[in-house]
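Input: structures, listed below.
Heads up, the next two complexes both have chain A, just with different partners, chain B and then chain C.
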Partner chain A sequence: MDLFLGIDVGSVSTNLVLIDYEGELYLRPLYLRTQGQPITAVQQGLVLLKEQLTSEDRIRGVGTTGSARSLAGVLVGADIVKNEITSHAVAALHKVPGVRTVLEIGGQDSKIIVLRDGIVVDFAMNTVCAAGTGSFLDQQANRLNLSIENFGEVALQAENPVRIAGRCTVFAESDMIHKQQMGHSLSDIVAGLCDALVRNYLNNIGKGKEINPPVVFQGGVAANAGMRTAFEKALETEIIIPQHFDVMGAYGAAMLARDQTSEQGRETRFRGFKVSSQDFQNCSFICQKCPNACEVIEIKQGKELLARWGDRCGRWSVTETEAGCVPV
Partner chain B sequence: MKIGIPRALLYYYYYPLWREFFTQLGLEVVLSPTTNKGILDAGIKNTLSEVCLPVKVFYGHVSALADKVDYLFVPRINRVEPKAYICPKFMGLPDMLKARLQQMPPFIDTAVDAGMDGNPVQCWVDCFQEVGSKFTHNHQLVNSSIAAAFRTQQEFQRRLTGGMLIPDALENDCVPEVAATSQQNYTLRIGLLGHPYNLYDAYISMNLIHKLQSMGSFVVTPESLSVDEIEDEARKLPKRLFWTLGKRMIGSALNFYASKELDGLIYLTSFGCGPESLVEELVARWAKQQGNLPYLMITIDEHTGEAGMVTRLEAFTEMIKRRQKHENHLSSHGEPLHSG
Partner chain C sequence: MKITYPHMGNLYIVVRALLTTLGLDVVLPPPTSRRTVELGVRYSPEFACFPFKLNLGNYLEARELGADTILMAGGVGPCRFGYYAEVQRQILSDLGSEMDMVVLEPPDVSYKELKEKIRHLVGDISWWKVIKAIRLAWYKARAIDAVEEKLLYLRPRVYEPYLLERYYHRALHEIDALSHRRAVQGAVRDFIKKVGSMPQRSGEFLRVGLVGEIFTILEPTANYDLEKRLGLLGVEVTRSIWLSIWINEHLFGGLLRVSNECRDDHHLAPPYLNSFVGGHGKETVGCTVGFAQRNYDGVIQVAPFTCMPEIVAHSVLPAVSKDYGIPVLTFYLDEQSGEAGIQTRLEAFVDLIAAHSHDQKGGMLSGSVFGN
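Our next item is the complex of A and B:
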């Protein structure tokens, strides 16, 4: 079967999705933890996929997205490397055709995408601060001795959610400790935390945006039933969570890869599943050619230089013959 | 005798004026290098954490010049037009510098103040008269230097209103990276708001202009507008803004909206800018009222990771392109324009 692969390498998770020409899922999507090692995570994902494919299956196109999209793109030989906004929007539109608002909360990022007639007309992403994203929930769950998987269920049992400051992670945490010390129940605190995150999200990212239904909620945090309820309460509308809410970025990337390769009718640049067993070295060095002291990153496969980036002037990205990293 | 001028803050508005004046007086002007990591680090080290990024950068430039010049030109700029003030941080700049930096060459910190009814030219004439008298008793030389300085500044402004971006207009003196790119082969017309010391400092803006151009955008900045054009629009506010630079942003935004020639508007602000926190909100609301002109706000601070900015710019330009494609697509299915 002809398949298209989408890879979303984010700060917390690395997701891989296979689809067919019709945009239907093939096999179960993979949701892996990145754990600070994007290359390894992508390789692992490829191994897991390959095990399940038959000899008839062919990868006809690959798309990458997420914060490590360039790295992943070089690694696997992507046909298209796309930002997260477009990828998420494309996937949401496929699953919920009339969607007008996409709420997405991931590991370090949160965004809102406003669509009209199937076109992105506005979007916003969180600024430098990662308050109110998945990582924060993860940490707090850990601190409360809850597994993140149970977090949402606990929140749903709340009777009187407490009010917690949502503006800043640090303040939210001290507020939460205070409420614990005062003797509030765990579920009330957890639900309060969900409300705080939603408030923070709507005030920061959703500020001034027209949030009209249908509203789709995706990204890893959509797994949290407490967050869904908090959104429904705040927006007074039904929140749709697509079945594969946690891999929508990768889904979108796969669809974009399909469009790209079939529109141009050309062969994929996919380097094959052998990528998973190849040895890649990534290293970085500080360029000393000028006072900017750029941190340049270099990706090599054996002796072959695949890519370099991070330099402001472009000398390293262009002069590929120059020696960059000193082998240790 | 060497006069140091930091390549930061109001340098971007006034450098030709300043340089010409001192050069005509027979002094050597020394400009600090373009912003780099070393300069930013030095600036951050020497400032309090609450000042905005461009002020931190200014400190870095002052440090870079400290042991290379006999004097540092850091005028105390209060008002450059009647009934409006420059940013409060600029007014106190000489004092802030003296409080934090040791072993500095003497500052030339003469005040520039248009007062309640002065004008944008006279305030500089007054300043230069005073500065000139420190170096020479030849009044005629001072006066001719001032006249030459204004001619140079006029030429600079003529280039800007002609559509040149500041680095190009400064020529020979400035940032080559931005200057080198020509504004051809574009598919989008993007308005770019922001203070010149953020927009044109390729280091702190992470080369925003160049990035936009390489994504196929023609970049229009407030510098292409004349003071009158900006003022006419800013006057439409229910209450006149009393911050000169904020008024410039609002007036430019309103002019951009009125001209209806833009495909989108980007506002680059620096974290911690007081006036901008209000102005950016006003601009965003207008963007919405103007038929939802695509609008993006980018806040810069000390972080150097470019990924966030690239993602936003990419998504923004792509959104506009898809929107246009979609709109064209729709109209082609509508009523035929010419029948028969």
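Our next item is the complex of A and C:
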């Protein structure tokens, strides 16, 4: 079968999705932890996928997205490298045609995407604060001795959610401790935290945006029933959570790869599953050519230089002859 | 006296031409770099705006090279720029790095004061020589703008963007070194001829208008190379503010006839913004309307974090955006801005305006990032 692969390498998770020509999912999407090692995570994902494919399956196109999209793109040989805002919008549009608002909260960033008549007309991304993102929830669940999976369920049992300052993670945390010391129940505190995070999201990222239904909520945090309820309460509208809410970025990237390759009738640039066993070295060095002291990143496979980036002037991006990293 | 002045994009070339022709000993600060940022941030109040911090970094680096006098512009109105020179002087003095600061208030405040300040600097030179110096500086400002206009046009088009940047820097270097009007204009012609023959993509390109605070628009370090990033994403950028236009309007009182696309745009600010709010707030709103009327695909507003005039402008831009159906993206930038976030939002914005423009335009890149 002809398949298209979407890879989303984010701060917390690395997701891989396979779709067919019709945009239907093939096999189960993979949701892996990045653990600060994007190259290993992508390789591991490819191994897991390959095990499940038959000899008839062919990868016809690959798209990468997420904060390590360019790295992943170089690694696997992507046909399209797309930012996560566009990828998420594309995926949401396919799953919920007519969607007008996408709320996306991931590991370390959150965004809102406003769509009208099937095109993105506005968006915003958190710039100064990571309060309310997955990493913060993870941390708080940990502190309260809850597993992140149960966090949302506990919130739903609340009778009187407490009011928690949500502007900043540090204040939110100290306020939560204060409420615990006062003797509020765990579920009331957890629900209060969800309310605070949603308030924070709507006041920062959602500020000045027209939030109209249908509203789709995706990204890893959408697994949290407490957050969903808090959004429903705050927006007074139904919140739709797509079935594969946690891999929507990868799904969008796969769709974009399909469009890219089939529109142009091009062969894929996919380097094949052998990538998973190849040895890649990434290293960085600080360029000393001027006081900008750019941190240049270099990706090599064996002796072959695959890519370099990070320099402001472009000298490293183009000159392949110059030696960059000093071998250790 | 060894005189220095802060950087703002390529302004240094213009000011150097002026001061050296007047016979002054100029010590140019090294190009604004991360080190400049670090120095400036270390000694500035945290909530001072980004240009303030960069200025201070420039002074300190120039002082290391032996500068003892600073030439700085003053200002009036609600923008904090009017206080820069005084606060910077105080900080330098607190650091024990006292430098003589000559503040030129804009001539619209007092021509007499400006005249006296210039006399103080240059001593006994004939006014004829002063005028000659101003003329050479003016031709260099025009030359830089001509080169940059071509650069903005070609960035999305050429197949070898890094080669284009190299030609551009070489042209700047020549303009800086030459001391005759004809030679300067010749350097511009050579540049335009050379880059014009570079292999190019054809078709129509997305067009984005750049509005906002002047320093952030003109200084690539302050805007994180926004114009270059957009160019590499396949977008043709048009600035609302150009160095020579600004000089003509604010220093020459609009005396010369210089054509510019956005020249009359500030009249378009009402009914959205009716009064002067300081800085370029009114121009930002007016130019956004202007770009929309000229059928641009999108507008990007840039400003330093906490910039009051631009915050006022920002708050009325959604109304402009809605009335004219033009997408607008705002960046508040300072030393804390994350490059990855800027790049992601730019790519998403380019995708947005590409989908938004009704007629499908060719020549667009897929929005992939650096080095790809």
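Methods note: the second predicted complex is superposed on the first by the 327 of 328 C-alpha atoms of A that agree within 3 Å, B and C clash if a C-alpha of one lies under 4 Å from a C-alpha of the other, contacts with A are read in each partner's own complex, and residues count from 1 in each chain.
Assume contacts are C-beta pairs under 8 Å (C-beta built on N, C-alpha and C of every residue); 3 or more make two chains touch, one makes a residue touch a chain.
Since this is a predicted model, take the numbers as computed values, not measurements.
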Ask   = Putting chain B and chain C onto chain A via the overlay, clash or fit?
value = clash
Ask   = Between chain B (first) and chain C (second), which does A:Ala293 come into contact with in this model arrangement: first, second, both, or neither?
value = both
Query = Touching A:Ala307, do we find chain B (first), chain C (second), both, or neither?
reply = second
Task = Have a look at where A:Val74 lands relative to chain B and chain C in the superposition and call it first, second, both or neither.
result = second
Inquiry  = Is A:Leu48 touching anything from chain B or chain C once the two structures are fitted on A? First, second, both or neither.
reply    = neither
Inquiry  = Just to be sure I read the superposition right, which of the two partners does A:Val12 touch: chain B = first, chain C = second, or both, or neither?
reply    = neither
Query = Touching A:Leu27 in the superposition: chain B (first), chain C (second), both, neither?
reply = neither
Task = Please indicate which partner A:Gln260 is in contact with in the superposed arrangement: first for chain B, second for chain C, both, or neither.
result = second
Task = Please determine whether it is chain B or chain C that touches the greater number of chain A residues.
result = C
Request  = For A:Asp117, select first, second, both or neither according to whether it touches chain B, chain C, the two together, or no partner.
outcome  = first
Note = The intersection of the chain A residues contacting chain B with those contacting chain C is 67, 83-86, 119-123, 125, 127-128, 208, 290-293, 312-313
Key: Touching residues on chain A, where the partner in the complex is chain C   = 67, 69-70, 73-74, 80-86, 109, 119-123, 125, 127-128, 208, 260, 290-293, 307-310, 312-315, 317-318
Ask   = In the complex formed with chain B, which residues of chain A make contact?
value = 67, 83-86, 117-123, 125, 127-128, 208, 290-293, 295, 312-313
Key: Contacting residues of chain B [partner chain A, same complex]   = 33, 36-39, 177, 202-203, 206-207, 271, 284-285, 288, 292, 294-295, 299, 301, 303-304, 307-308, 310-312, 314-316, 318-319, 322-323, 326
Task = Would you tell me which residues of chain C are touching chain A in their complex?
result = 30-31, 33-36, 161-162, 165, 225, 318, 327, 336-338, 340-341, 343-345, 347-349, 351-352, 355-356, 366-372
